[in-house]
Amino acid sequence: MRAIVIHAAHDLRIEPVPVGRPGPGEVRIRLAVGGICGSDLHYYHHGGFGAVRLREPMILGHEVAGYVVEPGPGVEGLREGDLVAISPSRPCGGCRFCLAGMPNHCLNMRFYGSAMPFPHIQGAFREELVADAAQCVRADGLTPALAAMAEPLAVCLHAARRAGELLGRRVLVTGSGPIGCLAILAARRAGAVEIVATDIAAAPLVHARAVGADHTVDMATAPDGLAPWTADKGMFDVLFECSGAAAALAAAVPALRPGAVVVQLGLGGDMTLPMQAMTAKELDLRGSLRFHEEFPIAVRLMQAGLIDPSPLVTHTVPLAQAERGFELASNRAVAMKAQIRFA
Amino acid sequence: MRAIVIHAAHDLRIEPVPVGRPGPGEVRIRLAVGGICGSDLHYYHHGGFGAVRLREPMILGHEVAGYVVEPGPGVEGLREGDLVAISPSRPCGGCRFCLAGMPNHCLNMRFYGSAMPFPHIQGAFREELVADAAQCVRADGLTPALAAMAEPLAVCLHAARRAGELLGRRVLVTGSGPIGCLAILAARRAGAVEIVATDIAAAPLVHARAVGADHTVDMATAPDGLAPWTADKGMFDVLFECSGAAAALAAAVPALRPGAVVVQLGLGGDMTLPMQAMTAKELDLRGSLRFHEEFPIAVRLMQAGLIDPSPLVTHTVPLAQAERGFELASNRAVAMKAQIRFA
Amino acid sequence: MRAIVIHAAHDLRIEPVPVGRPGPGEVRIRLAVGGICGSDLHYYHHGGFGAVRLREPMILGHEVAGYVVEPGPGVEGLREGDLVAISPSRPCGGCRFCLAGMPNHCLNMRFYGSAMPFPHIQGAFREELVADAAQCVRADGLTPALAAMAEPLAVCLHAARRAGELLGRRVLVTGSGPIGCLAILAARRAGAVEIVATDIAAAPLVHARAVGADHTVDMATAPDGLAPWTADKGMFDVLFECSGAAAALAAAVPALRPGAVVVQLGLGGDMTLPMQAMTAKELDLRGSLRFHEEFPIAVRLMQAGLIDPSPLVTHTVPLAQAERGFELASNRAVAMKAQIRFA
Amino acid sequence: MRAIVIHAAHDLRIEPVPVGRPGPGEVRIRLAVGGICGSDLHYYHHGGFGAVRLREPMILGHEVAGYVVEPGPGVEGLREGDLVAISPSRPCGGCRFCLAGMPNHCLNMRFYGSAMPFPHIQGAFREELVADAAQCVRADGLTPALAAMAEPLAVCLHAARRAGELLGRRVLVTGSGPIGCLAILAARRAGAVEIVATDIAAAPLVHARAVGADHTVDMATAPDGLAPWTADKGMFDVLFECSGAAAALAAAVPALRPGAVVVQLGLGGDMTLPMQAMTAKELDLRGSLRFHEEFPIAVRLMQAGLIDPSPLVTHTVPLAQAERGFELASNRAVAMKAQIRFA
């Protein structure tokens, strides 16, 4: 069985790894599709981000779907051949955050493809995977490509819940990559009546419009493009900040109404923010990290046809061309979401 | 100019009333369509409801749309010929509830067609209407019939906001008349992933399914029909109680999960509730009354195609046949929303 | 070792029960004090309440404190001689409600002294008790009598959190028994600026004033006593309904402002409520059941001197006179909280 | 009549200004006491802050109390001789934020002593003042010095409400000047069970302890002083950031639990924040600006003895020595709140 292993920045290898057997409550899965995420790209290009650094080889990947090959002893509800979306989130279920309904802050989290603890948590870009049955959500009716979108969609559903009221609200999205575009879909599904998306490149904004943004602004060419929404102290009720760029958030502040909510999804290290204006407007800046119960909800919303991220999957490469996939995913002018086909 | 005036139970007359002229900030409107609401029917059948009783003749109606005929002095943004949805809500803007952002609880409210104060607040079922420009929302792109649905839709958008989080939630709607069906539309727009509707008659449930209910239960013929949702202390996150019948709420309690929200829309007088079970489940029973900022939002959501209540308008009668309209609207086996055509 | 066992209504016996030994993670405790709660009295007088019925003998009691006698293997942080308040709440830690941060709704709850499941969950009125270390909160600095008040205080802290904002708010408490009086203390601690308490007897209101109620109303002798707070649609922001009597809640409604929160603590079976008025006021009626993290908080607040329920402990009897304690606790004209001294 | 007028940085003059007469709904007041606020000091030392700059002479002051001298026509509830706390907040009552219950964001706010609009809004440091009766809250039972504390206390009550749940919570306060110390009082009143305060000087921390902080940390001498609260991803539930210093907030982040609330009260211009850690912890950073309904609540809480800020008033100078008062107020090693005595 082969896996995609990162050894160091720009040292991505396809290597054999041992095949596992499912224990009680586990499931062996033949992987179908894996989507490349921004954090995968950070490892690929920089060997990490912030204080998170590769210290040993690590299998990448956490946006995956596949087919059940072998349910382990005692597993119910999953049969051979079932397509499943696999949650990469593995909280311990026993720490104070798990018991407080905040498993995304688990003290002992083992999230696929994370170099945060050492030894690292190995990821899911491998031809076969043994996972807990509890991680698997049946994805009947979806394509594997869509099932593999459950993870980033869950990230944005969690962010939408963090935002609070969206029904009838005006929403701004800064940064129109995959997470920005999924935030647009989530905000629309939650009832946003007007959605404006920004970026500093033209190509992502085409996708933003394709998934429902009512207006887009290329801040690189139209730095004053948000001016129409700055009247009366600002018109947006909610901002999904998906760029991680301080400049994007700062440029948005004049267009946010007093009391607006900013959901910070982008992970941008230190950011220098206009806190005087933000405080005077009583903005509410909420971090959003991963997801918990939103993963099965993401699957169900796609199954019901209530959210359709399929336009965002722009590229698929076979496992043998994984590195080309990483290069494509890094090229914002060309690709939105690039996925790897494992079988 | 003619108006629809209720004199007493079952004494509905079409009578001439004087034509008004718009003062500063006002608009004269030629009415196009008026929808018949449950409260109109209460006056028609019973001369009131609860302690609210007719004490003088009153023009009925508060779900109306029409065309601007004459903007008064100083009115901007409205021109002759504009189709407008007209909000029947006229808070004073100065009392403590208005200044607290709760104008639906205005101490001096003058809501069209209400016998609550005396003299009564005359309603809007008349060929011409002089309204404040602030009550009028331009409804370009909508039919008059849809524009007249803005009011009951606003009621349900307000209820959806009262419900809190709906994205990815399971929702139960008890009572599938016009308000129940609009609650289905609002809940779906806010992201509900599964919606079940109940009634004690078959006909309304056909409409419930038409506007998106995933399942319907006729409690008259299947009193245990909610049993599939009672596992593990209950599966619904939110109940929109639109029947005003204690039995409907009581039957729903076993299917509501602990901590579920019940939004009470139906006005049912005294209700005998299973408070021990409701307390033990820590249910959160929230009344919902009318709306405030949701009126223009209702128009915008319909304009954007994000909510479409058009399947609910089942009958239209000309003004001359108003009483037949009231009879139709009272017949749940036949009609959902009946509207009167004024021009 | 002796325990207080209820066999049937009015059949309360002091019986020998076997002594246990603490297993890993458990603690053996010599009980010091146990408070008699309203639910204990229901079993004593009626053999249960609502659908909850005694079907076998059951040890009563769940408001207890004692001294550690023997920590079991692996227990840290508790030593022989420590005074501990013992939480009667034993959720499973694994069900969906435990993992959602709602352990008070645990699907497998084993709360001391509950006849809800069968076999019943035996209670804590016994000379010795083996409990999980996780149930024990060190109560250094408190008297055993105060430590035993942690449980009912936790109930009211939970209710206060359910109420939401209390800082600077006007609060009404209906029913001024032990729970009502503890709700007064909790509301004051959370910043209530004015607290009014009602009852239908004079004696409890003396206690209500003693713990901080600014005004009290005896609804039996002054049925219009809440009239001063009915101006402008009502002046109370929050109601803690501690009586379980529909009449108490109904009488309060005119004094509640639109949008007020009603926290229902009293367990009163079916209640006939003025739902039309409650809906029109958009009241928010929230059930409150037991507690979870509020138990250790109750201990800490008492240790810090921030809440002092000691005036509420009016009677203490030795174990041998347990039945007299139950009679005292049932006599609202005489007693507020009656406790049993076990050693 | 004399007033305290700032002409430019360090150019503070006591100058005669004309006496006014109260119109309908207005009240003429003989000022008793005025507290010097941080924003007054900014004008005094720097001629403004951020983009807010003096462009013409401006009377300073907005924390004031005085005695009614002459109620204008139609004023009820205020009589000659009444001591009143005077709110400096004068929203228009008609803009969209006033009508949304957010008057602190009024589009036409005229807050005493603000150089934000031009012409500037003149302040309240004058021997006599004509104010709207609606600004005046009777302060029977308080000293003028305490009545003049209503304004900064209201700021902190508003912040405490912005914080959400405080009952039983652990609270950190960074910056222990007057606002920090009042935040301690507000947090305690709202039920905080443990309060830790920090500063970079020793003197303010003495006051922090005097008003109830359980622990204090001088970050200048003990930069790791918050380490005991960093276990398990952090232990504080709420941070009141009162310093406006990015370093204070950054140092606090490791001691905040995931999901903690940060209320930003300090106005510190641009701040460089550790957003990666803040996002990963899903912190919720909420700006807090001034107050609205909290002003009369501040008076009532002091009248009821529920909050006592009197230890914070460390210095009082007569009007003739106003400049000395400003120098004292600027000296954190000596003074906490300095007030000016007008009569």
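A, B, C and D label the chains in the order they appear, each numbered from 1.
FYI, a residue touches a chain if its C-beta (ideal position, glycine included) is under 8 Å from a C-beta of that chain, and two chains touch if they have at least 3 such contacts.
A quick note: this is a predicted structure, and the numbers were derived from the prediction, not measured.
To find the repeat of B-D among C-D, A-C or A-B, check which pair has over half of the same contact pairs by residue number; it is A-C. Taking the CA centroid of chain C as reference, the farthest chain centroid is that of A. If you average the Cα atoms of chain A and of chain C, the two centres end up 45 Å apart. The centroid of the Cα atoms in chain B and the matching centroid in chain C are 42 Å apart. Counting partner chains per residue, chain B has residues 102, 293 touching two or more of them. Residues of chain B touching chain C in their complex: 50, 95-97, 102, 104-105, 107, 162, 232-233, 244, 246, 258-259, 264-276, 278-289.
Contacts from chain B toward chain A in the complex involve residues 157, 160-161, 165-168, 186, 188-191, 193-194, 293-294, 297, 300-301, 304, 306. Listed in rising order, the residues of chain D touching chain B in the complex are 93-94, 98-103, 293.
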